[in-house]
Amino acid sequence: MSKDRLEAFSDGVIAIIITIMVLELRPPSATTWAALLPLVPVFLSYVLSFVFLGIYWNNHHHLLQAIERVDGRVLWANMHLLFWLSMVPFVTAWMGENRFATRPVATYGFVMLMAGFAFFLLEHTLLALHGQDSRLATALGSDFKSKASLFIYLVAIPLSFVASWIACALYVLVAIMWLVPDRRIERVLTP
Amino acid sequence: MSKDRLEAFSDGVIAIIITIMVLELRPPSATTWAALLPLVPVFLSYVLSFVFLGIYWNNHHHLLQAIERVDGRVLWANMHLLFWLSMVPFVTAWMGENRFATRPVATYGFVMLMAGFAFFLLEHTLLALHGQDSRLATALGSDFKSKASLFIYLVAIPLSFVASWIACALYVLVAIMWLVPDRRIERVLTP
Amino acid sequence: MSKDRLEAFSDGVIAIIITIMVLELRPPSATTWAALLPLVPVFLSYVLSFVFLGIYWNNHHHLLQAIERVDGRVLWANMHLLFWLSMVPFVTAWMGENRFATRPVATYGFVMLMAGFAFFLLEHTLLALHGQDSRLATALGSDFKSKASLFIYLVAIPLSFVASWIACALYVLVAIMWLVPDRRIERVLTP
Amino acid sequence: MSKDRLEAFSDGVIAIIITIMVLELRPPSATTWAALLPLVPVFLSYVLSFVFLGIYWNNHHHLLQAIERVDGRVLWANMHLLFWLSMVPFVTAWMGENRFATRPVATYGFVMLMAGFAFFLLEHTLLALHGQDSRLATALGSDFKSKASLFIYLVAIPLSFVASWIACALYVLVAIMWLVPDRRIERVLTP
């Protein structure tokens, strides 16, 4: 089974998710600057999710470059990841339209936690297929960032009930942590 | 005529169908947990269809790997399949928004039956092109699962008028049956 | 300049157009069969456009297989075709939601005429690039079907003001004419 | 890291943006020609953005053909470009639905300025990676058109507060300037 079609399908789904999210940004009927103001939280929420989906696409790209083959389990681990990513437009809209209210912010964190966990599962399904001596195993190493992200989400969700801006700040922290490109895999792949 | 563009186009259409379905999951205006409750059937309906579309993509992937060429008839058999798959978001929304009411559940089964039949037709159009001695013929074998699925749908549709949960349980049964990866083709392709 | 990315982009746009059209098919709030009745013309309108877009994808596929290279003019001739195809969901919805009323039916014919003309232009831009002795020139031949389609649209548009079903019947005629796979190019490509 | 998946992902996102824009063109409920009249500005706005996105796709295609490799910085410079392009449907709808009113026209110019700047950044990220002696450096040359476009947008935005049609005329001017295919890169690539 080839990995090319898995890549193409995942690219397609992520490209569509990232693009239909923006449909939530409905143009106001008035043409004043004031009419744009209520859209600011929706816009910020969109920017955050755009960056997260960009990170997932980026990491997915890196991950699949380090592997040689896929099997049925990998296909479904990948589908599971795409499922949680497909929930992102829903929570992005709920969070943005309600100006980062407590429960939407907590739900956003939950979807991010599940997507992060699904990526972790995909990595380990691929590891199980390629073995501990594979290029992939060397490339992933201790996988510190993935584990740290899951931990931060687990902390952020209850904290959103204390103050939702703390949870949001933690989500931004995860994004920044990943925006630094993942040199682990690049280092191993470079001869 | 190459099979690559057929794969790419089918991947594109399935990726879009699977993603626009989630647009039905409109965020509520309130931010209470109670506001999410009416979305639960819509969500469950989405999960079921996501899994079905994942299965179709998966099986389509397997099927096209076992073939060598396509012709005009195959292109249209494939279009016919994509047509019925494109009906999935409509019936998913109708079923979810009406809390699995009788007629929407029966209609969902009808669309699934037609999609299953379209896949069956595609398989047999490909078989006619490649011959009974082809790798594809060996790979498909008696095609038990496809026939069983069609039979279960045919039973589920009238049963949805008795109790819609029975039909839903049968749909879930079909999904589980297919989630077990299709080893027939993999077995033949592996040297 | 390679033709691969042109194919991929066109496939993507056609796949999206064919899929977002179905978003017009909004599930009714009632769960009776009667509630589905007003959707019948919308559904028929969708089926017609699905078939037309399938034909365009199919013919586009054949056309690009017969060529060797593309240039800037070809890219824009292709964009022009995609533009008119992107108008299809609009006219499909207008026609379906108004039960095949005169003006929507005439406008549908106009968009089909423009799309057909854009395809004709694309063919001739490619011919000008590849020359009259090229495989493409042999493959296209007298290009009877394209010219006949344009003629039928030109006749159907005024006739829709007499009776819109006549125009619709002519649109179906064009579709049937094209559903017969285009053997011209296949014949030349086969050694 | 390969440039193929970057191309495929960008193609996907641009194809989706160009297509969902047309969803703004809602069919009227009446079937008179008069009912289509209010859609004329929305249609013109759509045509302008369709052409701009076509130009971006075209230029992106040319740019990526002149390069040999991508790195993490390039991936993010590309994501940044896609982000601003994803804002195009929003400003297109706001401008079209408000018949080219001052503030929507100025905002349209701002998004175009940012997209143009993002393309400029992407070019220079690629230049930094490939060096001043690369084929890309020769191909881009003084990059006059990119700089001129940014300058025209900078002039058009304040002018839209004088008269919005002046700004619109300037946007059309930029589009025409780019519609002339970019021969700089083609010239260098041709042996």
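Remarks
Letters are used for the chains, namely A, B, C and D, taken in the order the chains are written, and counting of residues starts over at 1 for each.
Convention: a residue touches a chain if its C-beta (ideal position, glycine included) is under 8 Å from a C-beta of that chain, and two chains touch if they have at least 3 such contacts.
Since this is a predicted model, take the numbers as computed values, not measurements.
Following the contact convention of this document, no chain is adjacent to both subunit B and subunit C.
Look at the contact of subunit A with subunit D and you find different residues on each copy: under half of the numbers used there are shared. Summarising the inter-chain layout, the chain whose CA centre lies farthest from the centre of subunit C is A.
Distance between subunit A and subunit C, defined via averaged C-alpha coordinates, is recorded as 37 Å. Centroid to centroid, with C-alpha atoms defining each point, subunit A and subunit B lie 26 Å apart. Across the assembly, subunit A contributes 8, 12, 16, 20, 23 as residues in contact with two or more other chains.
Taken chain by chain, the contacts form a single closed ring in which each chain touches exactly two others. On subunit B, the positions that touch subunit A within their shared complex are 7-8, 11-12, 14-16, 18-20, 22-23, 25, 27-29, 31-33, 36, 47, 50, 54, 57-58, 61-62, 65, 179, 181-182, 186.
Residues 1-2, 5, 8-9, 12-13, 16-17, 20, 23, 71-73, 75-76, 79, 82-83, 86-87, 89-91, 93-94, 97-98, 101-104, 107 of subunit C are the ones touching subunit D in the complex.
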